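Both of the next two complexes hold subunit A, though its partner changes from subunit B to subunit C.
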Partner chain A sequence: MKELSLNILDITENSVKAGATLTEITLDESDKNLILTIKDDGCGMSEETVKSVTDPFYTTRTTRKVGLGLPFLKLAAEQTGGGIEITSVVAKDENSPHGTCVTATFNKEHLDFTPLGDITATVTTLVQGHPDTDFLFIHRKNGGEATLDTRELRQVLEDVPLDTYDVIKWIEEYLREQYSQIN
Partner chain B sequence: MKSLAELQAIKDKMKDKVVIREGVNETRVVVGMATCGIAAGARPVLNAFVEAVNEGGLADKVTVSQTGCIGICQFEPVVEVHEAGKEKVTYVKMTAEKAKEVVEKHLKGGNVIAEYTISNN
Partner chain C sequence: MKVREIAEKAELKILSMPDPEREVIGAYMGDLLSWVMGRAGESNVWITIMSNINVVAVASLADVSCVILSEGVELEEDVLNAAKEKGINILSTNLPSYETAIALSGMV
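== the complex of A and B ==
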(Lines of atoms letter the chains of each structure in order from A and count residues from 1; the text may use other names and numbers.)
(Lines give C-alpha, C1' and ligand atoms only; values in the text may rest on other atoms or scores of the structure.)
Protein backbone atom coordinates (compact mmCIF):
# COMPACT_ATOMS: atom_id res chain seq x y z
CA MET A 1 0.00 0.00 0.00
CA LYS A 2 1.29 3.44 -0.93
CA GLU A 3 -0.38 5.17 2.02
CA LEU A 4 -1.27 4.00 5.53
CA SER A 5 -4.71 5.50 4.98
CA LEU A 6 -5.27 2.74 2.38
CA ASN A 7 -4.37 0.07 4.95
CA ILE A 8 -6.86 1.73 7.30
CA LEU A 9 -9.57 1.63 4.63
CA ASP A 10 -8.81 -2.03 3.98
CA ILE A 11 -8.74 -3.15 7.62
CA THR A 12 -11.88 -1.20 8.53
CA GLU A 13 -13.71 -3.14 5.81
CA ASN A 14 -13.12 -6.22 7.98
CA SER A 15 -14.98 -4.56 10.84
CA VAL A 16 -17.93 -3.71 8.62
CA LYS A 17 -17.95 -7.26 7.28
CA ALA A 18 -17.97 -8.55 10.87
CA GLY A 19 -21.32 -6.79 11.29
CA ALA A 20 -20.05 -3.89 13.40
CA THR A 21 -22.61 -1.21 14.23
CA LEU A 22 -19.85 1.12 15.39
CA THR A 23 -16.21 1.14 14.29
CA GLU A 24 -13.81 3.48 16.06
CA ILE A 25 -10.70 4.55 14.20
CA THR A 26 -8.21 6.38 16.38
CA LEU A 27 -4.87 7.86 15.38
CA ASP A 28 -2.62 9.08 18.15
CA GLU A 29 0.28 10.91 16.64
CA SER A 30 3.34 12.43 18.26
CA ASP A 31 6.55 13.63 16.66
CA LYS A 32 8.03 10.15 16.96
CA ASN A 33 5.16 7.68 16.89
CA LEU A 34 1.84 6.93 15.31
CA ILE A 35 -0.56 4.59 17.05
CA LEU A 36 -3.50 3.36 15.03
CA THR A 37 -6.44 1.65 16.71
CA ILE A 38 -9.40 0.14 14.87
CA LYS A 39 -11.98 -1.11 17.32
CA ASP A 40 -15.34 -2.58 16.38
CA ASP A 41 -18.36 -4.21 17.99
CA GLY A 42 -18.63 -6.86 15.29
CA CYS A 43 -18.95 -10.63 15.70
CA GLY A 44 -15.38 -11.09 16.94
CA MET A 45 -12.98 -13.94 16.26
CA SER A 46 -11.92 -17.05 18.15
CA GLU A 47 -8.46 -17.21 19.66
CA GLU A 48 -7.42 -19.58 16.90
CA THR A 49 -8.63 -17.23 14.17
CA VAL A 50 -6.85 -14.27 15.76
CA LYS A 51 -3.62 -16.27 15.53
CA SER A 52 -4.08 -16.98 11.85
CA VAL A 53 -5.27 -13.62 10.50
CA THR A 54 -1.77 -12.26 9.96
CA ASP A 55 -0.94 -15.38 7.94
CA PRO A 56 -1.28 -14.45 4.23
CA PHE A 57 -2.74 -17.87 3.53
CA TYR A 58 -5.71 -17.28 5.80
CA THR A 59 -8.68 -15.42 4.31
CA THR A 60 -12.46 -15.22 4.50
CA ARG A 61 -12.68 -14.38 0.83
CA THR A 62 -13.95 -17.08 -1.48
CA THR A 63 -12.43 -15.79 -4.71
CA ARG A 64 -8.82 -16.45 -3.74
CA LYS A 65 -6.82 -18.41 -1.18
CA VAL A 66 -4.80 -15.47 0.09
CA GLY A 67 -5.75 -12.58 2.37
CA LEU A 68 -3.26 -9.77 2.59
CA GLY A 69 -5.08 -7.07 4.54
CA LEU A 70 -3.67 -7.67 8.03
CA PRO A 71 -0.33 -9.05 6.77
CA PHE A 72 0.18 -5.76 4.88
CA LEU A 73 -0.61 -3.71 7.99
CA LYS A 74 1.71 -5.89 10.07
CA LEU A 75 4.50 -5.45 7.54
CA ALA A 76 3.98 -1.66 7.40
CA ALA A 77 4.24 -1.46 11.20
CA GLU A 78 7.09 -3.93 11.66
CA GLN A 79 9.28 -2.38 8.99
CA THR A 80 9.40 0.76 11.16
CA GLY A 81 10.30 -1.22 14.28
CA GLY A 82 6.69 -1.19 15.50
CA GLY A 83 4.12 -3.95 15.40
CA ILE A 84 0.49 -4.94 15.59
CA GLU A 85 -1.67 -6.43 18.30
CA ILE A 86 -5.08 -7.98 17.83
CA THR A 87 -7.56 -8.75 20.56
CA SER A 88 -11.01 -10.14 19.96
CA VAL A 89 -14.07 -11.33 21.83
CA VAL A 90 -16.51 -13.64 20.05
CA ALA A 91 -20.20 -12.81 20.28
CA LYS A 92 -21.82 -15.40 22.55
CA ASP A 93 -25.20 -13.73 22.80
CA GLU A 94 -26.57 -10.31 21.97
CA ASN A 95 -26.05 -8.83 25.40
CA SER A 96 -22.43 -9.64 26.08
CA PRO A 97 -19.79 -7.26 24.70
CA HIS A 98 -17.97 -8.49 21.61
CA GLY A 99 -15.76 -7.24 18.81
CA THR A 100 -12.22 -6.88 17.61
CA CYS A 101 -9.51 -4.36 18.31
CA VAL A 102 -6.46 -3.96 16.08
CA THR A 103 -3.65 -1.73 17.30
CA ALA A 104 -0.68 -0.87 15.10
CA THR A 105 2.33 1.10 16.26
CA PHE A 106 4.63 2.92 13.87
CA ASN A 107 7.94 4.66 14.39
CA LYS A 108 7.50 7.77 12.25
CA GLU A 109 11.21 8.55 12.14
CA HIS A 110 12.09 5.24 10.52
CA LEU A 111 13.12 5.38 6.88
CA ASP A 112 10.49 2.77 5.99
CA PHE A 113 7.56 4.59 7.58
CA THR A 114 4.72 4.76 5.06
CA PRO A 115 3.10 8.21 5.05
CA LEU A 116 -0.48 8.40 6.25
CA GLY A 117 -1.68 9.93 2.98
CA ASP A 118 -5.23 11.07 2.31
CA ILE A 119 -7.02 9.89 5.44
CA THR A 120 -9.98 12.19 4.71
CA ALA A 121 -10.60 10.25 1.47
CA THR A 122 -10.51 7.02 3.48
CA VAL A 123 -13.16 8.30 5.90
CA THR A 124 -15.47 9.57 3.13
CA THR A 125 -15.01 6.31 1.20
CA LEU A 126 -16.01 4.30 4.28
CA VAL A 127 -19.14 6.38 4.86
CA GLN A 128 -20.05 6.29 1.15
CA GLY A 129 -19.74 2.50 1.07
CA HIS A 130 -21.39 1.78 4.41
CA PRO A 131 -23.98 4.46 5.14
CA ASP A 132 -25.90 2.24 7.55
CA THR A 133 -23.10 1.61 10.03
CA ASP A 134 -21.46 4.17 12.30
CA PHE A 135 -17.88 5.36 12.38
CA LEU A 136 -16.10 7.35 15.04
CA PHE A 137 -12.89 8.84 13.71
CA ILE A 138 -10.43 10.65 15.94
CA HIS A 139 -6.97 11.85 14.93
CA ARG A 140 -5.00 13.46 17.77
CA LYS A 141 -1.99 15.44 16.63
CA ASN A 142 0.00 18.51 17.68
CA GLY A 143 -2.22 19.05 20.71
CA GLY A 144 -5.35 19.25 18.57
CA GLU A 145 -7.67 16.75 16.95
CA ALA A 146 -9.75 16.07 13.89
CA THR A 147 -12.92 14.08 14.56
CA LEU A 148 -16.00 12.75 12.87
CA ASP A 149 -18.82 10.91 14.59
CA THR A 150 -21.43 9.68 12.14
CA ARG A 151 -23.89 9.15 15.01
CA GLU A 152 -24.03 12.92 15.47
CA LEU A 153 -24.61 13.40 11.75
CA ARG A 154 -27.34 10.79 11.74
CA GLN A 155 -29.17 12.62 14.53
CA VAL A 156 -29.35 15.75 12.42
CA LEU A 157 -30.01 14.01 9.12
CA GLU A 158 -32.66 11.59 10.44
CA ASP A 159 -33.78 9.52 7.44
CA VAL A 160 -31.54 11.23 4.89
CA PRO A 161 -28.88 8.63 4.10
CA LEU A 162 -25.26 9.34 4.98
CA ASP A 163 -24.13 8.46 1.46
CA THR A 164 -26.04 11.41 0.01
CA TYR A 165 -23.52 13.27 -2.15
CA ASP A 166 -23.98 16.60 -0.34
CA VAL A 167 -23.36 14.85 2.98
CA ILE A 168 -20.18 13.15 1.70
CA LYS A 169 -18.94 16.52 0.42
CA TRP A 170 -19.79 18.09 3.78
CA ILE A 171 -17.80 15.42 5.64
CA GLU A 172 -14.84 15.95 3.32
CA GLU A 173 -14.77 19.70 3.91
CA TYR A 174 -15.49 19.29 7.63
CA LEU A 175 -12.40 17.09 8.05
CA ARG A 176 -10.18 19.12 5.74
CA GLU A 177 -11.03 22.25 7.75
CA GLN A 178 -10.12 20.52 10.99
CA TYR A 179 -6.85 19.32 9.48
CA SER A 180 -5.96 22.83 8.39
CA GLN A 181 -6.02 23.70 12.11
CA ILE A 182 -3.78 20.89 13.38
CA ASN A 183 -1.38 20.20 10.52
CA MET B 1 -16.25 26.62 9.69
CA LYS B 2 -18.47 23.71 8.69
CA SER B 3 -21.25 23.24 11.18
CA LEU B 4 -24.01 20.78 11.94
CA ALA B 5 -26.44 23.57 11.01
CA GLU B 6 -25.27 23.21 7.42
CA LEU B 7 -26.11 19.55 7.64
CA GLN B 8 -29.59 20.51 8.74
CA ALA B 9 -29.92 22.58 5.54
CA ILE B 10 -28.80 19.56 3.47
CA LYS B 11 -31.42 17.48 5.23
CA ASP B 12 -34.19 19.97 4.50
CA LYS B 13 -33.14 20.10 0.86
CA MET B 14 -32.97 16.30 0.50
CA LYS B 15 -36.08 15.37 2.40
CA ASP B 16 -38.45 15.51 -0.56
CA LYS B 17 -35.92 14.05 -2.96
CA VAL B 18 -35.35 10.87 -0.94
CA VAL B 19 -38.86 9.61 -1.53
CA ILE B 20 -38.72 10.28 -5.26
CA ARG B 21 -35.30 8.73 -5.73
CA GLU B 22 -36.04 5.37 -4.21
CA GLY B 23 -36.14 2.59 -6.75
CA VAL B 24 -35.54 4.67 -9.86
CA ASN B 25 -31.83 4.06 -10.25
CA GLU B 26 -31.54 1.67 -13.14
CA THR B 27 -27.76 1.70 -13.55
CA ARG B 28 -25.28 0.42 -10.99
CA VAL B 29 -21.57 1.16 -11.01
CA VAL B 30 -19.75 -1.29 -8.73
CA VAL B 31 -16.14 -0.73 -7.71
CA GLY B 32 -14.06 -3.60 -6.28
CA MET B 33 -12.76 -2.43 -2.90
CA ALA B 34 -11.00 -5.45 -1.40
CA THR B 35 -7.28 -5.40 -0.51
CA CYS B 36 -6.35 -6.02 -4.15
CA GLY B 37 -8.51 -3.17 -5.44
CA ILE B 38 -7.46 -0.69 -2.75
CA ALA B 39 -3.75 -1.46 -3.26
CA ALA B 40 -4.13 -0.96 -7.02
CA GLY B 41 -5.80 2.45 -6.65
CA ALA B 42 -9.55 1.82 -6.32
CA ARG B 43 -10.15 4.62 -3.79
CA PRO B 44 -9.57 7.52 -6.22
CA VAL B 45 -11.47 5.59 -8.92
CA LEU B 46 -14.50 5.23 -6.65
CA ASN B 47 -14.37 8.86 -5.61
CA ALA B 48 -14.07 10.00 -9.23
CA PHE B 49 -17.22 8.02 -10.09
CA VAL B 50 -19.13 9.42 -7.10
CA GLU B 51 -18.15 12.95 -8.04
CA ALA B 52 -18.66 12.71 -11.80
CA VAL B 53 -22.05 10.96 -11.46
CA ASN B 54 -23.34 13.56 -9.00
CA GLU B 55 -21.80 16.62 -10.63
CA GLY B 56 -22.97 15.35 -14.00
CA GLY B 57 -26.60 15.22 -12.85
CA LEU B 58 -26.87 11.44 -13.08
CA ALA B 59 -27.60 10.79 -9.40
CA ASP B 60 -31.22 9.87 -10.06
CA LYS B 61 -30.24 7.31 -12.64
CA VAL B 62 -26.94 5.86 -11.44
CA THR B 63 -25.90 4.31 -8.12
CA VAL B 64 -22.21 3.99 -7.27
CA SER B 65 -21.43 1.21 -4.81
CA GLN B 66 -18.51 -0.78 -3.43
CA THR B 67 -17.96 -4.50 -3.37
CA GLY B 68 -15.31 -6.99 -2.24
CA CYS B 69 -12.93 -8.97 -4.42
CA ILE B 70 -14.35 -9.69 -7.86
CA GLY B 71 -11.77 -12.42 -8.42
CA ILE B 72 -9.58 -10.92 -11.12
CA CYS B 73 -7.03 -9.20 -8.88
CA GLN B 74 -4.44 -8.76 -11.64
CA PHE B 75 -6.88 -6.44 -13.46
CA GLU B 76 -7.64 -4.16 -10.50
CA PRO B 77 -8.98 -1.55 -10.12
CA VAL B 78 -12.03 -3.29 -11.58
CA VAL B 79 -15.36 -1.57 -12.17
CA GLU B 80 -18.58 -3.24 -13.28
CA VAL B 81 -21.41 -1.34 -14.93
CA HIS B 82 -24.80 -3.01 -14.63
CA GLU B 83 -27.54 -1.49 -16.76
CA ALA B 84 -31.09 -2.76 -16.76
CA GLY B 85 -31.70 -5.04 -19.74
CA LYS B 86 -28.09 -4.97 -20.90
CA GLU B 87 -25.09 -7.22 -20.46
CA LYS B 88 -22.70 -6.30 -17.65
CA VAL B 89 -19.63 -4.30 -18.74
CA THR B 90 -16.37 -4.91 -16.86
CA TYR B 91 -13.79 -2.13 -16.99
CA VAL B 92 -10.27 -3.02 -15.84
CA LYS B 93 -7.07 -1.26 -14.76
CA MET B 94 -9.09 1.84 -14.07
CA THR B 95 -7.86 5.28 -13.04
CA ALA B 96 -9.73 8.39 -11.88
CA GLU B 97 -9.26 9.86 -15.37
CA LYS B 98 -10.72 6.80 -17.08
CA ALA B 99 -13.60 6.86 -14.58
CA LYS B 100 -14.55 10.39 -15.64
CA GLU B 101 -14.41 9.29 -19.26
CA VAL B 102 -16.68 6.30 -18.57
CA VAL B 103 -19.23 8.61 -16.93
CA GLU B 104 -19.14 10.98 -19.93
CA LYS B 105 -19.09 8.48 -22.81
CA HIS B 106 -20.80 5.41 -21.39
CA LEU B 107 -23.18 6.51 -18.65
CA LYS B 108 -24.15 9.80 -20.30
CA GLY B 109 -23.52 9.02 -23.96
CA GLY B 110 -24.50 5.36 -24.01
CA ASN B 111 -21.27 4.19 -25.66
CA VAL B 112 -19.17 1.51 -23.97
CA ILE B 113 -15.45 2.35 -24.07
CA ALA B 114 -14.27 -0.99 -25.46
CA GLU B 115 -10.60 -0.11 -25.01
CA TYR B 116 -10.93 -0.20 -21.22
CA THR B 117 -13.00 -3.38 -20.97
CA ILE B 118 -11.67 -6.75 -19.87
CA SER B 119 -11.98 -8.27 -23.34
CA ASN B 120 -9.40 -5.80 -24.64
CA ASN B 121 -6.83 -6.30 -21.89
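== the complex of A and C ==
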Protein backbone atom coordinates (compact mmCIF):
# COMPACT_ATOMS: atom_id res chain seq x y z
CA MET A 1 0.00 0.00 0.00
CA LYS A 2 1.18 3.47 -0.78
CA GLU A 3 0.33 4.71 2.71
CA LEU A 4 0.79 3.00 6.07
CA SER A 5 -2.51 4.46 7.22
CA LEU A 6 -4.25 2.09 4.78
CA ASN A 7 -2.43 -0.87 6.37
CA ILE A 8 -3.58 0.41 9.77
CA LEU A 9 -7.18 0.57 8.55
CA ASP A 10 -6.91 -2.98 7.28
CA ILE A 11 -5.43 -4.44 10.48
CA THR A 12 -7.85 -2.57 12.74
CA GLU A 13 -10.76 -4.07 10.81
CA ASN A 14 -9.46 -7.48 11.97
CA SER A 15 -9.76 -6.29 15.59
CA VAL A 16 -13.33 -5.15 15.07
CA LYS A 17 -14.18 -8.47 13.40
CA ALA A 18 -12.66 -10.26 16.40
CA GLY A 19 -15.36 -8.62 18.52
CA ALA A 20 -13.15 -6.00 20.20
CA THR A 21 -14.94 -3.49 22.42
CA LEU A 22 -11.80 -1.34 22.58
CA THR A 23 -9.03 -1.13 20.00
CA GLU A 24 -5.95 0.93 20.85
CA ILE A 25 -3.89 2.31 17.97
CA THR A 26 -0.59 3.81 19.07
CA LEU A 27 2.05 5.45 16.91
CA ASP A 28 5.37 6.24 18.60
CA GLU A 29 7.45 8.29 16.25
CA SER A 30 11.04 9.50 16.62
CA ASP A 31 13.37 10.92 13.98
CA LYS A 32 14.57 7.43 13.11
CA ASN A 33 11.77 5.02 13.94
CA LEU A 34 8.03 4.58 13.81
CA ILE A 35 6.48 1.99 16.11
CA LEU A 36 2.89 1.05 15.41
CA THR A 37 0.88 -0.88 17.97
CA ILE A 38 -2.66 -2.14 17.44
CA LYS A 39 -4.03 -3.77 20.57
CA ASP A 40 -7.54 -5.11 20.98
CA ASP A 41 -9.66 -6.97 23.53
CA GLY A 42 -11.23 -9.22 20.90
CA CYS A 43 -11.54 -13.00 20.94
CA GLY A 44 -7.79 -13.60 20.47
CA MET A 45 -6.03 -16.33 18.51
CA SER A 46 -4.40 -19.64 19.37
CA GLU A 47 -0.61 -19.94 19.24
CA GLU A 48 -0.93 -21.93 16.04
CA THR A 49 -3.10 -19.27 14.39
CA VAL A 50 -0.68 -16.51 15.40
CA LYS A 51 2.08 -18.37 13.56
CA SER A 52 0.04 -18.63 10.38
CA VAL A 53 -1.52 -15.14 10.10
CA THR A 54 1.43 -13.66 8.24
CA ASP A 55 1.07 -16.39 5.63
CA PRO A 56 -1.02 -14.83 2.83
CA PHE A 57 -2.79 -18.15 2.28
CA TYR A 58 -4.25 -17.97 5.76
CA THR A 59 -7.43 -15.89 6.08
CA THR A 60 -10.57 -15.65 8.20
CA ARG A 61 -12.39 -14.49 5.10
CA THR A 62 -14.83 -16.98 3.64
CA THR A 63 -15.26 -15.29 0.26
CA ARG A 64 -11.71 -15.95 -0.92
CA LYS A 65 -8.71 -17.98 0.10
CA VAL A 66 -6.10 -15.25 0.44
CA GLY A 67 -5.68 -12.66 3.23
CA LEU A 68 -3.08 -9.96 2.82
CA GLY A 69 -3.61 -7.55 5.74
CA LEU A 70 -0.84 -8.81 8.03
CA PRO A 71 1.42 -10.13 5.21
CA PHE A 72 1.46 -6.61 3.69
CA LEU A 73 2.14 -4.96 7.06
CA LYS A 74 4.99 -7.43 7.66
CA LEU A 75 6.42 -6.70 4.21
CA ALA A 76 6.13 -2.92 4.71
CA ALA A 77 7.99 -3.18 8.04
CA GLU A 78 10.64 -5.68 6.88
CA GLN A 79 11.52 -3.73 3.75
CA THR A 80 12.71 -0.89 6.04
CA GLY A 81 14.80 -3.30 8.15
CA GLY A 82 12.08 -3.49 10.82
CA GLY A 83 9.58 -6.22 11.54
CA ILE A 84 6.35 -7.21 13.21
CA GLU A 85 5.47 -9.03 16.38
CA ILE A 86 2.11 -10.56 17.22
CA THR A 87 0.96 -11.73 20.63
CA SER A 88 -2.49 -13.02 21.43
CA VAL A 89 -4.53 -14.47 24.26
CA VAL A 90 -7.63 -16.53 23.45
CA ALA A 91 -10.86 -15.71 25.30
CA LYS A 92 -11.57 -18.58 27.72
CA ASP A 93 -14.41 -16.96 29.59
CA GLU A 94 -15.82 -13.45 29.88
CA ASN A 95 -13.74 -12.41 32.87
CA SER A 96 -10.21 -13.34 31.85
CA PRO A 97 -8.26 -10.80 29.78
CA HIS A 98 -7.99 -11.64 26.10
CA GLY A 99 -7.14 -10.04 22.76
CA THR A 100 -4.44 -9.49 20.22
CA CYS A 101 -1.53 -7.08 19.99
CA VAL A 102 0.29 -6.35 16.73
CA THR A 103 3.48 -4.28 16.88
CA ALA A 104 5.24 -3.13 13.73
CA THR A 105 8.58 -1.33 13.75
CA PHE A 106 9.71 0.80 10.82
CA ASN A 107 13.04 2.44 10.10
CA LYS A 108 11.91 5.83 8.78
CA GLU A 109 15.27 6.59 7.22
CA HIS A 110 15.10 3.62 4.86
CA LEU A 111 14.30 4.53 1.24
CA ASP A 112 11.57 1.89 1.13
CA PHE A 113 9.75 3.34 4.14
CA THR A 114 6.10 3.82 3.21
CA PRO A 115 4.86 7.25 4.34
CA LEU A 116 2.16 7.25 7.02
CA GLY A 117 -0.30 9.15 4.82
CA ASP A 118 -3.62 10.55 5.99
CA ILE A 119 -4.01 8.94 9.40
CA THR A 120 -6.73 11.43 10.40
CA ALA A 121 -8.90 10.13 7.54
CA THR A 122 -8.18 6.55 8.66
CA VAL A 123 -9.22 7.19 12.25
CA THR A 124 -12.40 9.03 11.20
CA THR A 125 -13.25 6.24 8.76
CA LEU A 126 -12.88 3.68 11.55
CA VAL A 127 -15.17 5.58 13.93
CA GLN A 128 -17.71 6.18 11.18
CA GLY A 129 -17.66 2.54 10.11
CA HIS A 130 -17.88 1.13 13.65
CA PRO A 131 -19.71 3.67 15.84
CA ASP A 132 -20.57 1.06 18.48
CA THR A 133 -17.03 -0.03 19.33
CA ASP A 134 -14.40 2.12 21.04
CA PHE A 135 -11.07 3.33 19.72
CA LEU A 136 -8.17 4.90 21.55
CA PHE A 137 -5.78 6.58 19.16
CA ILE A 138 -2.47 8.09 20.29
CA HIS A 139 0.23 9.46 18.01
CA ARG A 140 3.35 10.63 19.88
CA LYS A 141 5.65 12.78 17.81
CA ASN A 142 8.08 15.69 18.24
CA GLY A 143 7.48 15.77 22.00
CA GLY A 144 3.75 16.22 21.57
CA GLU A 145 0.81 13.98 20.83
CA ALA A 146 -2.45 13.74 18.93
CA THR A 147 -5.13 11.63 20.62
CA LEU A 148 -8.72 10.54 20.33
CA ASP A 149 -10.60 8.46 22.88
CA THR A 150 -14.12 7.56 21.76
CA ARG A 151 -15.02 6.49 25.30
CA GLU A 152 -14.65 10.10 26.44
CA LEU A 153 -16.67 11.30 23.46
CA ARG A 154 -19.42 8.81 24.22
CA GLN A 155 -19.70 10.10 27.79
CA VAL A 156 -20.11 13.68 26.65
CA LEU A 157 -22.43 12.86 23.75
CA GLU A 158 -24.63 10.47 25.78
CA ASP A 159 -27.18 9.08 23.29
CA VAL A 160 -25.85 10.75 20.15
CA PRO A 161 -24.34 8.04 17.88
CA LEU A 162 -20.67 8.55 16.97
CA ASP A 163 -21.37 8.21 13.25
CA THR A 164 -23.54 11.35 13.25
CA TYR A 165 -22.25 13.71 10.55
CA ASP A 166 -21.44 16.57 12.95
CA VAL A 167 -19.59 14.24 15.33
CA ILE A 168 -17.45 12.79 12.53
CA LYS A 169 -16.69 16.30 11.23
CA TRP A 170 -15.74 17.38 14.75
CA ILE A 171 -13.41 14.36 15.21
CA GLU A 172 -11.69 15.17 11.94
CA GLU A 173 -11.13 18.80 12.86
CA TYR A 174 -10.11 17.90 16.42
CA LEU A 175 -7.35 15.59 15.08
CA ARG A 176 -6.23 18.01 12.37
CA GLU A 177 -5.99 20.79 14.95
CA GLN A 178 -3.78 18.61 17.18
CA TYR A 179 -1.60 17.67 14.21
CA SER A 180 -1.09 21.32 13.33
CA GLN A 181 0.57 21.64 16.78
CA ILE A 182 2.94 18.67 16.56
CA ASN A 183 3.82 18.48 12.85
CA MET B 1 -0.30 -17.42 -26.97
CA LYS B 2 0.30 -19.92 -24.17
CA VAL B 3 2.68 -19.47 -21.20
CA ARG B 4 4.78 -22.40 -22.45
CA GLU B 5 5.24 -20.72 -25.86
CA ILE B 6 6.12 -17.35 -24.35
CA ALA B 7 8.73 -18.97 -22.11
CA GLU B 8 10.28 -20.60 -25.14
CA LYS B 9 10.18 -17.61 -27.50
CA ALA B 10 11.40 -15.03 -25.00
CA GLU B 11 13.98 -17.49 -23.64
CA LEU B 12 12.69 -17.27 -20.08
CA LYS B 13 13.88 -19.56 -17.33
CA ILE B 14 11.12 -21.78 -15.93
CA LEU B 15 10.92 -21.77 -12.12
CA SER B 16 7.39 -23.07 -11.67
CA MET B 17 5.06 -24.13 -14.47
CA PRO B 18 2.12 -26.14 -13.18
CA ASP B 19 -0.14 -24.72 -15.91
CA PRO B 20 1.88 -24.46 -19.17
CA GLU B 21 -1.21 -24.34 -21.43
CA ARG B 22 -2.59 -21.19 -19.75
CA GLU B 23 -3.49 -18.58 -22.38
CA VAL B 24 -1.82 -15.17 -21.98
CA ILE B 25 -3.74 -11.95 -22.64
CA GLY B 26 -1.90 -8.67 -22.10
CA ALA B 27 0.73 -7.71 -19.55
CA TYR B 28 1.15 -5.68 -16.37
CA MET B 29 4.32 -4.43 -14.72
CA GLY B 30 4.63 -3.35 -11.07
CA ASP B 31 6.33 -3.97 -7.72
CA LEU B 32 3.94 -2.48 -5.16
CA LEU B 33 1.92 -5.61 -4.46
CA SER B 34 -1.24 -3.99 -3.12
CA TRP B 35 -1.31 -1.77 -6.21
CA VAL B 36 -0.81 -4.68 -8.60
CA MET B 37 -3.52 -6.65 -6.79
CA GLY B 38 -6.23 -4.24 -7.95
CA ARG B 39 -4.84 -3.51 -11.38
CA ALA B 40 -3.25 -6.52 -13.05
CA GLY B 41 -5.81 -8.04 -15.39
CA GLU B 42 -6.98 -11.64 -15.55
CA SER B 43 -4.61 -13.75 -17.71
CA ASN B 44 -2.01 -10.95 -17.86
CA VAL B 45 1.69 -11.66 -17.70
CA TRP B 46 2.93 -9.86 -14.56
CA ILE B 47 6.49 -8.55 -14.63
CA THR B 48 8.02 -7.75 -11.23
CA ILE B 49 11.22 -7.72 -9.20
CA MET B 50 9.42 -8.79 -5.99
CA SER B 51 9.89 -12.39 -4.93
CA ASN B 52 8.38 -12.96 -1.50
CA ILE B 53 5.47 -15.28 -0.70
CA ASN B 54 2.96 -12.44 -1.15
CA VAL B 55 3.73 -12.45 -4.89
CA VAL B 56 2.17 -15.92 -5.12
CA ALA B 57 -0.90 -14.70 -3.24
CA VAL B 58 -1.33 -11.60 -5.44
CA ALA B 59 -0.81 -13.65 -8.62
CA SER B 60 -3.50 -16.03 -7.40
CA LEU B 61 -5.94 -13.23 -6.50
CA ALA B 62 -5.42 -11.27 -9.71
CA ASP B 63 -5.57 -14.56 -11.65
CA VAL B 64 -2.61 -13.65 -13.88
CA SER B 65 -1.41 -16.30 -16.32
CA CYS B 66 2.18 -16.11 -15.12
CA VAL B 67 4.70 -14.05 -13.15
CA ILE B 68 7.98 -13.05 -14.77
CA LEU B 69 10.75 -12.12 -12.35
CA SER B 70 13.06 -9.64 -14.05
CA GLU B 71 16.63 -8.53 -13.18
CA GLY B 72 17.67 -12.12 -12.43
CA VAL B 73 15.69 -12.16 -9.19
CA GLU B 74 15.67 -15.59 -7.56
CA LEU B 75 13.02 -17.40 -5.53
CA GLU B 76 13.35 -18.88 -2.07
CA GLU B 77 12.44 -22.54 -1.96
CA ASP B 78 9.35 -22.08 0.22
CA VAL B 79 7.98 -19.49 -2.22
CA LEU B 80 8.66 -21.82 -5.12
CA ASN B 81 6.85 -24.65 -3.36
CA ALA B 82 3.86 -22.40 -2.64
CA ALA B 83 3.72 -21.39 -6.33
CA LYS B 84 3.68 -24.99 -7.47
CA GLU B 85 1.09 -25.92 -4.89
CA LYS B 86 -1.20 -23.00 -5.79
CA GLY B 87 -0.82 -23.56 -9.52
CA ILE B 88 1.08 -20.32 -10.22
CA ASN B 89 3.43 -20.18 -13.22
CA ILE B 90 6.68 -18.30 -12.45
CA LEU B 91 9.37 -17.57 -15.03
CA SER B 92 12.51 -15.47 -14.77
CA THR B 93 14.93 -13.49 -16.88
CA ASN B 94 18.12 -11.49 -16.37
CA LEU B 95 16.65 -8.58 -18.35
CA PRO B 96 15.39 -5.48 -16.51
CA SER B 97 11.59 -5.05 -16.42
CA TYR B 98 11.41 -2.61 -19.35
CA GLU B 99 13.50 -4.83 -21.63
CA THR B 100 11.45 -7.85 -20.54
CA ALA B 101 8.28 -6.04 -21.63
CA ILE B 102 9.90 -5.20 -24.97
CA ALA B 103 10.88 -8.84 -25.46
CA LEU B 104 7.24 -9.84 -24.96
CA SER B 105 5.90 -7.18 -27.28
CA GLY B 106 3.81 -8.69 -30.05
CA MET B 107 3.37 -11.96 -28.15
CA VAL B 108 0.79 -10.94 -25.56
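Assorted remarks:
Keep this in mind: the second predicted complex is superposed on the first by the 183 of 183 C-alpha atoms of A that agree within 3 Å, B and C clash if a C-alpha of one lies under 4 Å from a C-alpha of the other, contacts with A are read in each partner's own complex, and residues count from 1 in each chain.
Basically, a contact is a pair of C-beta atoms (placed from the backbone, for glycine too) under 8 Å apart; a residue touches a chain by one contact, two chains touch by 3 or more.
Just so you know, these numbers come straight off a predicted model, no measurement behind them.
Partners subunit B and subunit C, once the complexes are superposed on subunit A, both fit on it without clashing.
When the two structures are aligned on the shared chain, A:119 is found in touch with neither subunit B nor subunit C. Measuring from the middle, so to speak, at the Cα centre of subunit A, the directions to subunit B and subunit C differ by 80 degrees in steps of 10. In the overlay built on the shared chain, the residue A:1 is in contact with subunit B and with subunit C.
In the superposed model, A:84 lies in contact with neither subunit B nor subunit C. Shared-chain residue A:36: touches no atom of subunit B or subunit C. Contact with subunit C, but none with subunit B, is seen for A:57 once the two complexes are overlaid on the shared chain.
Touched residues of subunit A, counted separately for subunit B and subunit C, are more numerous for B. By the document's definition of touching, of the two partners only subunit C reaches A:75; subunit B does not. Figure legend note: subunit B and subunit C, brought together by superposition on chain A, show a least Cα distance of 5 Å.
Across the two superposed structures, the residue set of subunit A contacted by subunit B and also by subunit C is 1, 6, 64, 68, 72. Listed in rising order, the residues of subunit C touching subunit A in the complex are 32-35, 37, 52-54, 56-58, 60-61, 82, 86. Residues 1-2, 6, 55-57, 64-66, 68, 71-72, 75 of subunit A touch subunit C in their complex.
By the touch criterion stated above, subunit B contacts subunit A in their complex at residues 1-2, 4, 6-8, 10-11, 13-15, 18, 33-36, 38-39, 43-44, 46-47, 50, 54, 59, 64-66, 68-71, 73. Contact residues on subunit A toward subunit B in their complex (touch as defined above): 1, 6, 9-10, 13, 17, 61, 63-64, 67-69, 72, 118, 121-122, 124-125, 128-129, 152-153, 156-161, 164-168, 170, 173-174, 177.
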